[in-house]
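One chain, chain A, appears in both complexes that follow, with chain B as partner in the first and chain C in the second.
And now, the complex of A and B:
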């Protein structure tokens, strides 16, 4: 037996069987490496979608369980739900304002802190600290900073002789307030990614441009920006997906108010499912959000892929 | 950090440099103030009686931030050590322990299972491996917050809602960690594997003796990210658990403010307790972390 399975450099059937057997064994063995992860994703990431799809066609609540099958009624209701429309508007407004501001700020901070001056490492750490803090703590602290009567920001306004603002109770200021707090927290993450991208740009490009007499703006416009394209796209893609799912700052700063001015879609889903005991409809709205996000990420991935290497 | 990768200033005459230096200093100060003030205010106010927070908020001065009447009362309250804290039912100590336990359990199990999976994708041969990769990375595009309500329905059906399992099991594998780790693993020369295999190492042996020792920075980076991700989770624990014995620190902090707590000192103390462990961890391991992010291809 042993002699037959010793590999030899001939095409004898025994050598072939050995290879085949070893391959099959390794394949089965290899499956065990990936199995736990696959099971996790199946149960905790894919099945919930199937479940949501199913629950969205039923009258379903956590307390009452499944009642009647109602087919597409939840989706028809969604089409005519003014609050859903409002929450979609609020969510899009949040993303469209927050994203460009955050990326522009992160780019400026990254370029600023990428100088070879002592103390720049420290300032990068300072900018990054809010990133490792939780969104809950950041929201809670910012809610107090923006507090109408004893908040830090109103104290600052007063110092400059400006009138007091009720940031979180004024429908015109509530969403900008939430955006400010979340940019303060998130900008450090984008910054550190862009800094890593900047370090990847070979210095010779700058040297060549300087020899050609490029101004600082031209350096930025024609060297830094094009070579940072991949990094910037990555930042934009990930931040878009995260921003669309904003929930915590709304939950702990404004509870969706005043006048639904901060009722983002995930907060609405939460309200539907857990406050109004309408899990079936909450599942339907989750499915709608899922489709929107998939469409957005697929579009963005197209952009990412059409990119050139450097 | 090579000098070549730094930004270059085209013309640097002396007056230009002085003006430039002034603006850099100004920007430096402004950034520091914007990012540090909320933190300092939180820490300072957590160490003073609540009335003092309100008393010195205006006019703005050093008194706004530095406690004049230093006290640890707020911390005693939220940990339920003081009479008042007990009466209000604060149990931040328990919440901290829960969070530390859950975060450690997730990081531990995730290190095992994600490393195995990343090794599979980086090195092993398997029929239809690319399809599996699509299956794994596809979860990347399943928005987490959008599917948390359906996830709760599944966990409830499986019967472990409102247990520690609910806080740990859904997170023991992560598409993000698998992706980043397999990138790290691919950087390791394949010749090392082959040498080990010739020496008689099994697949597991290669993983243990070649891959893991050569990917320490990567493993540390993802562990750190995972730890802060789980430590800071809020929406999932809020929904998945209801009993106070299972309450995690973020939920404890948020509950405080939704009760319209007027004792700001306690709110700030809660914020400090919830943030400090992770901040300290990151500061201590910062060197490896920054290196890890730069190496990981996270930059795109």
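And now, the complex of A and C:
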């Protein structure tokens, strides 16, 4: 008797089937929204990675196409390639110097621009403007500023009675010059992200800390920094990846020289593929870079993981 | 609820429609009538109804050259009563640095290209990779003989002619006469009396001027090369001139096109590059960091440059104001200049071979070459045209013609020229910046050999 009175799910529409339909519809909707991004990632990210992995096992050049399958030979060659080693050293030096400087500067600028002062919007816009400029333009402008003969910086040095410097042709100054240009370009992006992070911190934490007698430094050290950890993680991970992929300023300002002092790994990959007609080896070096970046990103995420919820 | 369901359904429908439209937009465009036109057969006659054909020409971006090509195209279309009036040319012009990579990527991506502007030393690389269609059978012996022998050598691969040239060049040393007069320097006007490097150094030192004594000259003695780059076209002259004619240093590379140790890194070659370094670091007659338009802007007294400097100066100083002189190119043991021609190449991907060939033959012919010369005033690659031009019988252009004929030699001929050029350019940059010269040259020779080893057997 009981069984006959209980409605079954196979009967006409009920609350359960309605939820199921709705779920299905939502899933389809979601899929449509996600689809363009998935297609984009498939076509422009994952398939090229698979393609590059394949190319790295062949003797391959753009003009000559695939010639001989050589297995892991390119990877073995990479182990003994002194220029690859040098380019990795240069790249790490670039990242290790640029990243902390940029993040520290961005943090300082973000804290400064996070105040509700008249005209702060304009200051934020000024800081952010280089971000929307083309990296090629930025590189050319900085190459002009740093020019030994007619550069603005050398004119300033001369005004103070200091000798002219060949910033881009001196192996000791070329990498710092490139780092300066890229920090100028990128710092606005990091600043805006950190400003967003700062705005997300509830004021109640600061009020409570002030009531407890916290100093400004203690507010920054024990409230701001812990609660910014997620934002900082994002900034550090993305800027690490971007920094490892630096190419345009090197190509435009120094062509990797002098004495390979600015030959970062992506420039070397470009040189191998497009100048040395060795796209197979360039693909192998790209795969090595991919692995390095994955390892660094995973490590950063593990170390900078935040347990603080608010 | 049903209303909500209908609403959702209409949204879904709209999304599907938008997605479909996006996909449709991503489809390759329907081929134009020109692209569908079968042109692999015989050339159409003037009377036939002809479908329009657009030849895609990947070339070096140069505004003056663009004017020349517009006129060449116009004349070509009017040729033989409008036989080729259905043909037009779509130019894809990129800057010099990016031309080679653009050709590479275009070929790799299977882009439909018809014509390629190829630098002379790269012709063998393109031929080796079968990027170009050999044109040997379309040029008679007489037609080929009309071109300078250096151009024939540059445009050929294993004895097969791949593409005709449309200009030539030979770098000599140009000077600002006001500056040389002020320094009491008299450059020789006869190539037989050309300065050796030491004599030239004396002139460069005398013309280097540091008005405020800050150690950074206001006028530099010399800029060895055009533009702001370094490379084989200019610095290679300096190095190869350190050897006697026919010596390994002079040859620059083994006969196999693959051997560089013992040619590139000889003691004479190292000494010559040491001299190059001293020009920058010890004698300071040339800036370590190149200055754009250093000679044209009167910041250098001498410059090693091809004859298109005449056009540059005329354009920059249309009312005079710059007294240009030319003298022979300084040398250590053997005077030489590197010749260099741009060549027309017909892409192996072309679907309009007949039209492309007709255009190439016209453009590289006497009439097309004359149009090109009149726009750019650069040494013609056609000897019949060169010998007709009266300006090459008098100074300063007479020296260019003499230099080209007497000691103009092509750059090293190997399919691995790009690799060699890239390594040598870096070495020249490093040497100027103060690197250990011997180490740079010996390491460089080894690196080039490793990079070009893939072409083993290319000339067998």
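Convention: the second predicted complex is superposed on the first by the 263 of 310 C-alpha atoms of A that agree within 3 Å, B and C clash if a C-alpha of one lies under 4 Å from a C-alpha of the other, contacts with A are read in each partner's own complex, and residues count from 1 in each chain.
Here, a contact is a pair of C-beta atoms (placed from the backbone, for glycine too) under 8 Å apart; a residue touches a chain by one contact, two chains touch by 3 or more.
Keep in mind that what you see is a predicted model, and the values were worked out from it rather than measured.
Aligning the two structures on chain A places chain B and chain C in a clash.
Shared-chain residue A:150: touches chain B and chain C both.
In the overlay built on the shared chain, the residue A:163 is in contact with chain C alone; chain B does not reach it. Of the two partner chains placed by superposition, chain B and chain C are both touched by A:29.
Once chain A of one complex is fitted onto chain A of the other, the partner contacts of A:64 are limited to chain C, with no touch recorded for chain B. When chain A is checked against chain B and against chain C, the one touching more of its residues turns out to be B.
Within the superposed three-chain model, A:210 lies in touch with chain B and out of touch with chain C [touch as defined at top]. In the superposed model, A:268 makes contact with neither chain B nor chain C. By the touch criterion defined above, A:277 lies against chain C but remains apart from chain B after alignment on the C-alpha atoms of chain A.
After the shared chain A is superposed, the part of chain B among 45-53, 63-71 or 81-89 that runs into chain C is 81-89, by C-alpha clashes.
Put simply, chain A uses residues 29, 32, 36, 62, 150, 158, 255, 274 to touch chain B in one complex and chain C in the other. On the chain A side of its complex with chain C, the touching residues are 18, 25, 28-29, 32, 35-36, 59, 61-65, 147-150, 158, 163-164, 166, 168-171, 255-260, 271, 274-278.
Residue ranges of chain B in contact with chain A, taken from their complex: 1-10, 24, 27-28, 31-32, 34-39, 41-42, 53-54, 57-60, 64, 113-114, 116-117, 119-121, 124-127, 132, 135-136, 139, 141-147, 149-151, 153-158, 169-170, 172-173, 175, 178, 203, 228, 231-232, 234-235, 239, 250, 253-254, 256-258, 264, 267-268, 270-271, 274-275, 278-279, 282-283, 286, 290, 293-294, 298-300.
On the chain C side of its complex with chain A, the touching residues are 1, 8, 11-12, 15-16, 19, 22, 100-101, 103-105, 107-108, 125-126, 128-129, 131, 214-216, 287-289, 291, 299, 418-419, 422, 426, 429-430, 432-433, 435, 451, 454.
Interface of chain A with chain B (complex): residues 23, 26-27, 29-34, 36-38, 40-41, 43-49, 51-52, 55, 62, 109, 111-112, 114-117, 119, 123, 125-130, 132-137, 140-145, 150-152, 155-156, 158-159, 184, 188, 192-194, 196-204, 206-207, 210, 213-216, 219, 230-235, 241, 244-245, 247-248, 251-252, 255, 266, 269-270, 273-274, 279, 282-283, 286, 289-290, 293-294, 297, 304.
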